[in-house]
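When the chains are written out, they are named A, B, C and D in that same order, and each has its own residue count from 1.
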Amino acid sequence: MMPLTRRQMAWRCAQDLRDGQYVNHGIGMPTLVSDYLPADREIVLHSENGILGMGGAPKPGEEDPDLINAGRGKATLHPGGSFFHHNDSFLMIRGGHIDLSIMGAYEVSASGDLANWAIDGDTRAPGVGGAMDLAAGAKEVRVLMEHNAKDGTPRIRARCTLPLTAKACVKRVYTNLAVLDIAREGVVVREMIDGLDLAGLQKLTEARLTLAKDWKRLVTPVL
Amino acid sequence: MMPLTRRQMAWRCAQDLRDGQYVNHGIGMPTLVSDYLPADREIVLHSENGILGMGGAPKPGEEDPDLINAGRGKATLHPGGSFFHHNDSFLMIRGGHIDLSIMGAYEVSASGDLANWAIDGDTRAPGVGGAMDLAAGAKEVRVLMEHNAKDGTPRIRARCTLPLTAKACVKRVYTNLAVLDIAREGVVVREMIDGLDLAGLQKLTEARLTLAKDWKRLVTPVL
Amino acid sequence: MIDKIVDGFAAALAGIKDGDTLLCGGFGAVGEAFALVEAVIETGARDLTVVCNNAGSGQVGVAALLKSGKARKLICSYPRSLDPTVIDDLYARRAIEIELVPQGTLSERMRAAAAGIGGFFTRTGADTQLADGKELREIDGKLYVFERPLPGDFALIKAHRADRWGNLVYRKAARNFNPVMAMAGKVTVAQVSEIAELGSLDPEAIATPGIFVDRVVVHP
Amino acid sequence: MIDKIVDGFAAALAGIKDGDTLLCGGFGAVGEAFALVEAVIETGARDLTVVCNNAGSGQVGVAALLKSGKARKLICSYPRSLDPTVIDDLYARRAIEIELVPQGTLSERMRAAAAGIGGFFTRTGADTQLADGKELREIDGKLYVFERPLPGDFALIKAHRADRWGNLVYRKAARNFNPVMAMAGKVTVAQVSEIAELGSLDPEAIATPGIFVDRVVVHP
């Protein structure tokens, strides 16, 4: 059994993007999704700091100090892109104009509750950023996260134990082991990596899992 | 006794404008104010349909079909002017960014209540436009109106008899007979035309009037 | 590939149905998508609610749509114009319901719909009969009235230029209600004078980003 | 004649006083008026409330102001950065109060202040501990939280170019919070890189009309 790398997880997530979608990806691992946008589809990336049509990292020497992404990395603009102020940017997020928000998470519950802004015992000043706006406002929320915390604790929970970002918002989760849908009937396994069966995945998951009839092996390129 | 013409009323109103003020004038008689902006002051006219720095009527042959004022007359733009959408335009109005709103009125009460959108027995579909936004939102509201209705009925009332636009918003009224302030102590006459005394003006006014100690004659050029 | 440019008004208006709410841009006939709005008549959709600052002028655009009898209700601030014969006749015959909304509240209610706001308190109209039946609240010693969002099933707007992503720029005072309606329409259709190459519009000066626009139809 | 261009930071910040709320633009150090914000320290004003998406980075701009101890409170969404030593130290010592606000709610609360809105209902945060103690309301079957306007005594913003009327244009993602803060500040001061001749900025592309700007200070 070979869990996916972070890049493989991002690649898998990117395969589901549809032509013409307006997509916001969060900071951290979701940023990697932009490296694997399918070449046959035109996907418009939204950045909360006032950009639509954001492109990838600039070539060395072509960086613009005023053109950064939400994670503060240097960015570029695609032809057709536009700049606007924060209020319009969050109107897009909060008003349901963003087709898909891809975020990282600490926990997702069986009913799609999301916890991704606060952890126990953090001594730093608390930060929430745009997570609650995206979770409550985007048309669809998908999560990209390791299946388990470093100490093995399951992150797909019966109920979230950490402070919530929003209730019942997550529709799909991409982990290093599986692709799972949060459906009316519970958490449905759509894909699992080679060498893993439902019983094995269930051991690593707190929420009760069911296997989709048409489930598949989760296969990615070497990345 | 020679009541002011509409142009003289507009001229008198314009003399009080201050350098650097952001001013919105309503449709009808207030539009004439823009013809008499004092040459020694820079006054920025706001038009509710998304213009700051609106200029006067264009020269014949230079009309632009897309550049009109709130009364649908052809307009121009001063250097430094800008265009924006309706929501920003009314944010300016409702958020207290317009220094002065000059409106017409049917009635003003002794406490500054304004009635300027609906009359009795009107068979047309009702219309309010931006009057309530301006009355509630501008930093200051001044009214430009004939002192009496055509049948002689006073328009400066103890209480308004027509549907209100907003309460306690009018600070100054320019009529064809006088300049009056709505003050804490009631309606104060600041200026009267030649040949009129307080008793004479009071006969034409329902609200109780007092005369300012430093009252003056209301004198204008022939217009 | 994203290409929001459609061919003709029938395609531009596909999906419009009985009972829909239509947000129609323009202020005093400037920035109104006359041809697009008139094409609604041909779709056969009935019992429409039309949201428009005015009520059209003469016999064209919104006035033509109202005259056709397809609209059950008009939500507006100022249904008056140089030639208000259509609306005055409908009103006299009680052939249309009119919801009168202060102009800034009309715009703000559409923005609220666009921004996911469930409702807001405004001073505008709080002292007046237009607040009858609405929730009032005193905030910091001033009276406010609660207003609800106003979304549209379709927004029918006019712009100057568009690219295939649906980015729009306007001309001067023809901008008016069009951007806020574009944001508040579930399906937003822009009638434009010209198409621009993707990337040719200044990204700092796009007044309506394409995310708010679903279809573009050219009508020079 | 209107001329909002002032000479130097002391003139730009005249009138700032103890207890004032300062809206400081910028997102992740881009579009932040570093020099103008640092000049607040010299004014001697204390017990300030700083509103800023982040909490500065390193030892400059908002971070420098916070480190100076002049601020009693920070209202922000994400007080983290590449170098958060200043805020982490203040927070560890309980030397500053932090009001954490979701980023879009932060922006919307400032817009509400700018637009005369007494308060609004939003879905954002309604399910969370950030709604503790706030009014909740179910609207159309969904839970909303009531949020209040957030005005500033001063807005300290950064723009690219300004003319003497205070019209502003920005550069790319340096626009961010600056326009909404300009609208929400009782006194708005813009630090700009360049002055433009009146009339030379495209009237269709002015991102912040001069009505929202009180003073302009050049800092190339």
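One rule holds in what follows: a contact is a pair of C-beta atoms (placed from the backbone, for glycine too) under 8 Å apart; a residue touches a chain by one contact, two chains touch by 3 or more.
Since we're looking at a predicted model, the values are computed, not measured.
Comparing chain pairs A-D and A-C, the larger number of C-beta contacts belongs to A-D.
Averaged C-alpha coordinates put the centre of subunit A at 29 Å from the centre of subunit D. Centre-to-centre spacing of subunit B and subunit D amounts to 35 Å, using the average Cα coordinate of each chain.
One simple way to say how far apart two chains are is to compare their mean CA positions; for subunit C and subunit D this gives 32 Å.
Annotation for subunit C: residues touching 2 or more other chains are 108, 111, 115-117, 122-124, 170-172, 203-204, 207.
Multi-chain contact residues of subunit B (touching two or more other chains): 77, 83-84, 90, 94, 136-137.
Taken as a contact graph, with one node per protein chain and an edge wherever two chains touch, the assembly fits none of the named shapes, being neither a line, a ring, a star nor a complete graph.
If you check each pair of chains against the touch rule, the ones that pass are A-C, A-D, B-C, B-D, C-D.
On subunit B, the positions that touch subunit D within their shared complex are 19-20, 22, 42, 44, 46, 52-53, 77, 79-84, 88, 90-92, 94-98, 136-137. Subunit D contributes residues 1-2, 111, 113-117, 163-165, 167, 183, 198-199, 201, 203-204, 206, 209-212 to its touches with subunit B in the complex. Partner subunit A is touched in their complex by these residues of subunit D: 27-31, 53, 55, 76-82, 84, 87-88, 91-92, 98, 100-105, 107-108, 110-111, 122-130, 170-180, 207.
Taken in their complex, subunit B has these residues touching subunit C: 47-51, 64-68, 70, 72, 75, 77, 83-87, 89-90, 93-94, 123-133, 136-137, 163-167. Residues 108, 112, 115-124, 137, 139-140, 142, 144, 169-172, 202-205, 207 of subunit D are the ones that touch subunit C when the two sit in their complex.
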